[in-house]
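Encoded as structure tokens, the structure appears first; notes follow it.
As written, the chains take the letters A, B, C and D, and residue 1 is the first residue of each chain.
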Amino acid sequence: MKVLALLGSTRKDGNSEYLAKKIVEGTDHTIVTLADLDIKPIVDMRHTEEGFSPVEDDYEELVQLIEDHDILLFATPLYWYGMSGPMKNFFDRWSQYLRDERFNLKEELTKKKAYVVISGGPSARIKGLPLVQQFNYIFEFVNMEFADYIIGAGVRPGEVATDLAALEKAERWNALFR
Amino acid sequence: MKVLALLGSTRKDGNSEYLAKKIVEGTDHTIVTLADLDIKPIVDMRHTEEGFSPVEDDYEELVQLIEDHDILLFATPLYWYGMSGPMKNFFDRWSQYLRDERFNLKEELTKKKAYVVISGGPSARIKGLPLVQQFNYIFEFVNMEFADYIIGAGVRPGEVATDLAALEKAERWNALFR
Amino acid sequence: MKVLALLGSTRKDGNSEYLAKKIVEGTDHTIVTLADLDIKPIVDMRHTEEGFSPVEDDYEELVQLIEDHDILLFATPLYWYGMSGPMKNFFDRWSQYLRDERFNLKEELTKKKAYVVISGGPSARIKGLPLVQQFNYIFEFVNMEFADYIIGAGVRPGEVATDLAALEKAERWNALFR
Amino acid sequence: MKVLALLGSTRKDGNSEYLAKKIVEGTDHTIVTLADLDIKPIVDMRHTEEGFSPVEDDYEELVQLIEDHDILLFATPLYWYGMSGPMKNFFDRWSQYLRDERFNLKEELTKKKAYVVISGGPSARIKGLPLVQQFNYIFEFVNMEFADYIIGAGVRPGEVATDLAALEKAERWNALFR
């Protein structure tokens, strides 16, 4: 199985990245830091005559990566009780590429399994639940299995290493993905 | 009362904009289309020694606008069961400006009232609820009153004009804001 | 259209009852106060050899009423951020009667439309949302349309009469049901 | 630490009970099966002149048990996407006993820690989240710490024994409680 880890954080070596790296360690994987790519916001052209226009940024490379992996691991810190802005822009653009006949994204997504990692303060275990529900609706919409999620407790860099339950679950996923 | 309408949509004349305009019609208001501004994603520097750096974009103008209005009206289409990417980037940057001593954002927010408009398909009445919960956590965090929300049904441009219950509530708010 | 209003409150003339009565006024309807009936909790026998046993209480009369109406209006105060205990026992027993071949409940439910009224304090608009989500999952499970919901603000008896938006929506439903 | 396990299931040896027993094994604990007790639904008298009347059932014994333990472990199967009816009636009655001056429930609850176990089918990991949110609002209201929750996958009796992540977390709690 090939794992694509999509990191939503805008700092290096944060807690969601820490967990994501534990999860993919030793597996056949690719890690992408979304904030390092140029991903423009969607321009909603669904109801215009001309439809969507090609966009000059790094997005098509991401579409290719998604198609080439089996597991999609979405790892984001809880920013204002949601996924990070860069990850949100990533999802928003699906509206364009699900309709782009040069790709096969719509069908390919139905074959993937989605895993979600969220990191945040101690309250994230509760206040991160709307985000889990949002991910669920997203994956339902594209008919992709939502396999599981981890909400890890950690704010300062590295702090999540003390959340033993989160680590244990990360190791369990790692064993599955090897 | 001065109303600041922050529009999250990335198309013109969409349904959330339609409702927002009904709501502010005839009031002392300012409308800002977030996607028309240059708003960079947050770069999370909370735990670095140097802290946040100044960012060259249009954000500080927004901070000023927020401070100058009494009512904040957040209007966003439901994109992938959340607020739009541009609106998410708008909120993410609060993490920087709540700490910026050149502004008084943290204290000013506690004096405002927040109203939320979400537009989406017929399922938005349910699948938009995690977003309402997210807005609630956001406003709680900054200690700003979450006065009310509307979830309007409309996908094609203008379609929300047939959601009479949403329109009725928009008029009710309009009367309050005049 | 025949409307069956199922009241979950355990006091007379409360706010959810007030709204429910506004909604059914002048329609062809039946009102049932669940707390006035003898409804025993489910005894879960799904995985026993003998299966469910007949229960001596008023439940079968309710099953008949459901089958005989087109609209199901569930009206409950928010008790501890959920439906009332008597209404919960009502739903729990569906697990038994969906399997009871003397009735046709499973198929009949798919033909009904569900409407929900929740009353509570001012925070119910947010803290009642998990209950709305629960109702949604319930109706999805039995494949019954979840037409709409009202969350009305009112704690002291009659107080909801001052929630004009809730009343307006109640009247809108009333017009639909006539 | 003394642990009070309140079981909401209406069958013996179900999955939430299985997890609860793993959690309290070897600790100083009391197990109460709510369905075995006579717990009447609340009769809401908050806004009457006479107030609540004494109720002839087993509830006061429960109030005493709560006061005598440090940890409250609420274990319920997901019945119709909520807690079981008997457990709901248990919470509803708090409205009466928080006001009853013969007890000290209101203050005592603030000193306890709440743990929640929910069992259900594979979808419970998502569809049980509104219940987690409801528990959170309940515990917030009485100012009791919501320490953690487990959502275990299991429908047929004993099936949850194959949910290794749930078991692992149960053992982690057990170690804490010893």
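Basically, a contact is a pair of C-beta atoms (placed from the backbone, for glycine too) under 8 Å apart; a residue touches a chain by one contact, two chains touch by 3 or more.
As the structure is a prediction and not an experimental result, all values here were calculated from the model.
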Neighbouring chains shared between chain C and chain D, ordered by label: none
Joint neighbours of chain C and chain B, given as chain labels: none
Turn needed to bring chain A onto chain D - CA fit, degrees, nearest 5: 180
Copies chain A and chain B touch via same or different residues, half shared test: same
Chain located farthest away, centre of chain B as origin (C-alpha): D
Whole-Å gap between the CA centroids of chain A and chain D: 34
Cα-centroid distance, chain B relative to chain D, in whole angstrom: 38
Where chain A and chain B are represented by their mean Cα positions, the distance between them in whole Å: 24
Touching two or more other chains - residue numbers and ranges from chain A: 129, 133
Chain contact graph, described as a line, ring, star, complete graph or other shape: ring
For the chain D and chain A complex, residues of the former touching the latter: 125-126, 129, 132-133, 136, 146, 148-149, 164-165, 168-169, 172
Chain B residues touching chain A - in the complex, by the definition given at the top: 9-11, 14, 35, 41-45, 47-48, 77, 79-86, 88-89, 91-92, 94-95, 127, 129-131, 133-134, 137-138, 141, 155-157
